[in-house]
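These are the structures, in structure tokens.
Two complexes follow with chain A in common, the first pairing it with chain B and the second with chain C.
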Partner chain A sequence: MANAIEITNYSWAYAHGNGKALKAVNLSVEQGECVGVIGPNGAGKTTLAYSIDGLVPGQYHGIKEGTVQIQGREVEDYPKGMLQREVGLVFSDPEAQFTAMTVEDELVFGLENLGLDIPEIRERLDWVAELTGLGPLLQKPPYEISGGQKQRVALAAVLAMRPRVLVLDEPTSMLDPLSRKRVFEVLGQLRKVQNTTLILIEHGLEHVVPLADRMVLLAEGEIALDAPTPSFFEKLDLLHHHGLHVPGAVEVVSRLKNSGRYFGELPRGVEDARLVIQEIIDASSTKQGAV
Partner chain B sequence: MSQYIEVEQLGFRYQDGTEALVEVNLAIGDNEFIALIGQNGSGKTTLAKCLNGLLKPSSGRVLVDGLDSRSTSIVQMVKRVGYVFQNPDHQLFNGNCWDEIAYGPRNIQLPEPDVKERVAEAAGVVGLPERLFQEHPFFLSKGMRQRVAIAAILALRPKVIIVDEPTTGQDARQSIEIMDFLVELHEKHEHTVIIVTHDMDIVARHGTRRPWDFAARTLSGRFA
Partner chain C sequence: MNKTLLGYVPEHSPIYSVHPFVKLFFLLVVSLFPMFISAPEWNVGLMLGIMLLMIYSRVSLRTLKMYIPVAISMGIIILLSYTLLGGVQPQYQQITRVLGVSIYWERLRDALVVYFRVVPMILSMVFFLSTSRERDLIVAMRTIRIPFVVTYVFAMALRAAGMVLEDFHIVRQAEQARGFDATGKSIPYKIRKYVMYMIPLFALSLRRTEEFTNALVARGYAFAGEGARVKRADFVLTHYHFSVMDGLYTTVIVLLFAAILVARYGFQRLTVEDSYFLNWLYSIIVSAA
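Moving on, here comes the complex of A and B:
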């Protein structure tokens, strides 16, 4: 079976841009994989997201080289509207995504387009409204709610469609810490239960790391690093070179590993890191004790 | 002694009946650096807009520099309290950076030589290089766009500047630069700076006043 996403020697230059926004990108993602994408402002993350969703080249002028295939088919070869059934894209600016007059219509619109029957639409609406705490806001215009609430609408509208490939462009940037945590839990569940493929673009690494099987670093339109999450953080110098902030606890253990004082996998969160560091301390104190 | 901003029993209700603020009391002094935190929908943006007169209280009052926001023109308000939007892209609408920054001063009908001086000053403070003056904001990096948005507000020389989620969507390097810059505004230029943020690292590092938990107080219907 074809990979969920297969990008080969792909470059994209916007018609009015300075050179190529993406340069000779190669990326294969299997169904059910979760790939975290990070990189500085202007690195090409959103362009990559648009390319997977077909907005590039569909809605933008520019020059494309190479291929971008979703479920084995080139994005331009999908009949109108069909690619969006495979790929759900959550925009980094939620308002860019809104088309309806009420939050409820915003959530239901895509479901109607999928041709679902009314009981199924109802069920999914209740599910996402509950998930994102939007219940009390369903009758409001999506423009007359708070920033974080808008972001929840954008996310909920896409989640409700249950696409096989979910591309999320900074989906929690405006959420409060508890809501953000909840979203990442939900994404984790989607993956487990529905084997959803996740492309997760974020600036804050600490949230992506626990979920991502693999991390991709984009810099100036190129993939500077593509590695399984634990080994990704062994490349501290490269990450720092691109100005990325590595979660403190992960950095400490990575340094211990690089200096030969730790040999296991790098931890994914603060709590794991604490355990690892404790282990290292215990080990070194028993060693000293023996001397 | 009275403080620069005094908020007394402030209530704000949107047209559809949403009670966004309930009995908020708060005083903000001359040279503070404050982080406003709270859950989504707790009323942070609404409060910020009340402080600079974009929104007028439904009940209670907001006094800025002794002026009641309800009876003071928006021009007088924005000269004292500047507000940078949660998404600066929604604030930027001029064709180039220079016009963007000049918009406020022109709008308060300053003579053109003064406008020029204000633009140069504000661009200098945010570190916008001259070669970008004629660029369309859309073609700048996200960090630079945030700076242009801040410069546009600074050009009115407000005492207080409120930046709604200054680091959202910014990479680690830009976030640090923007925060350093806001600290400089506070320390060197003696502005009172109020940031709205969900980033607790920033709160821990920069809030000089114990950040108050907005949500908890709104929920109880009462601010201390």
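Moving on, here comes the complex of A and C:
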């Protein structure tokens, strides 16, 4: 079976841009896998997201080299409007994706485009409104609600379409910590229940790390590092070189590992880190006791 | 309060039970009534009728205040165009001369007829905009099976207007924050400096267009090809039910329109000759002259 996403030697240069936005990118993502993409501003993260959803080259002029395949088919080979049944894209600016007059219309717009019937639309609308807590806002215009609520609407509108591949370009930048945690819980649940492939582009890594199987560092249009999440953060110098903030708990254990005091996998969160540090302390006490 | 295109209507209003199609039908047909009524008193009656509907719908009549200066300036412009700028018409009855220009009764009468035709048309539009949201317009159009793409483009035009105003506000605040403020300056100065608002506004509009197109594509909308052939379920219509009362309202509007046409062309009523008000005015002005 083909990979959900197969990007091979892919380069893209915008017609009016300075040089290539993406350079010889190779990326394979299996169905159900979650890949976190990080990188400094201007690294090409959004271009990568647009490329997976077919907006590049569909909506932009430029030069493409290499291939971008979704479910084994080149993005340009999909008939218009069909690739988006496979791939859902949540934009970083939620307001940029609003196309309707009320939150409810916004949530059902994509479902109508899929050609679903009324009972199916109603079922999905209720499901996604419950999932994202948007029930009380359904009749409000999407451009009159708060930033966090807008982001939830943007996410819900795409979730309702239940794509097999979900690309999220900084989907929680406007959310408070609690809502952010909730969004990632929802994503984790989606992945578990529907085997959705997730591409998470995020600056805040605290919530991405526990969810992502793999992490990709994109810098100046190139993949600077692609590794399973536990070993990704062992390259602290490279991450710091690109100005990236590594979650504190992960960084502490990574430093301990680099100094030869720990040999296991890096933790994915604060609780994991606490257990690892406890293990190191216990091992150290035992050693001292033996001496 | 619920926001409408022109303001707010209280949470509870009888207008919410009316199907959006009836409201649009009211606008399209009732605003045609004055075209077939020349007697001003009938058009004044129509205005009163619309105002009663506004009161019944709990629309604040304060909405109308902002139109008073417009109504006055429009009246003056119409009056001047028909009288002072009406030209020499020897076949008409001259009632006086102002600044060497003849003022004719027929031109004055026509000015009044036109003015009292335009005002109820505007009032019916105000009533519609005060009681409808953007969504109502879309629902009304989809009810009568206007193609999705047409209603969608229309809806987007409505939304774009709001967005341009929002952007204008943002650009203006940004300019003010950097020390540029045209408040209190002369009009020629403001016009000259307006370019400072227009350029960023134009750039923002271009960006919005790009974002909007991307959003449509990303949500699986296609203007052509396989994606465009999908049969769309109009989910929004499931919230609206065309009731017996809606049918009754529509019938009343149609019957009223038919009655006006019959009265006008069948019985030669509602004409200037048939107008009590114009006959009374004629007797006063022309007799005095």
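In the analysis below, the second predicted complex is superposed on the first by the 291 of 291 C-alpha atoms of A that agree within 3 Å, B and C clash if a C-alpha of one lies under 4 Å from a C-alpha of the other, contacts with A are read in each partner's own complex, and residues count from 1 in each chain.
The criterion applied here is as follows: a residue touches a chain if its C-beta (ideal position, glycine included) is under 8 Å from a C-beta of that chain, and two chains touch if they have at least 3 such contacts.
All values reported here derive from a predicted model rather than from experimental measurement.
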Exercise for the section: Label the relationship between chain B and chain C on chain A in the superposed model as either fit or clash. Expected result: clash
Practice task
Please indicate which partner A:Ala129 is in contact with in the superposed arrangement: first for chain B, second for chain C, both, or neither.
Solution key: neither
Exercise for the section: Quick one: classify A:Met215 as touching chain B (first), chain C (second), both or neither. Expected result: neither
Practice task
With both structures superposed, pick whichever of chain B and chain C touches the larger number of chain A residues.
Solution key: C
Exercise for the section: Return first, second, both or neither, reflecting whether A:Thr102 touches chain B, chain C, both chains, or no partner chain. Expected result: second
Exercise for the section: Using the touch definition from the top, say if A:Val75 reaches chain B (first), chain C (second), both or neither. Expected result: neither
Practice task
Tell me which partner A:Asp93 touches in the superposition: chain B (first), chain C (second), both or neither.
Solution key: both
Exercise for the section: Look at A:Val183 in the shared chain and tell me whether it touches chain B only, chain C only, both, or neither; answer first, second, both or neither. Expected result: neither
Practice task
Could you look at A:Asn41 and tell me whether it touches chain B, chain C, both or neither (first, second, both, neither)?
Solution key: first
Problem - Touching both chain C and chain B, counted on chain A across the two superposed complexes - result: 93, 144
Fill in the blank from the handout: Given the complex, residues on chain A that touch chain B span 39-42, 92-93, 95, 140, 144-149, 152, 170, 173-180, 203, 243-245
Practice task
In the complex, go through chain A and note every residue touching chain C.
Solution key: 50, 53-55, 58-59, 79-82, 84-85, 88-89, 91, 93, 96-102, 104-105, 108-118, 121-122, 125, 141, 143-144, 157-158, 161
Practice task
Show which residues of chain B lie in contact with chain A when the two form their complex.
Solution key: 14, 16, 38-41, 45, 86-87, 89-90, 141-143, 164-165, 168-175, 198, 200
Handout entry: chain C - residues contacting chain A, complex
Key = 3, 133-135, 138, 155-156, 159, 162-163, 166, 210-228, 230-236, 238
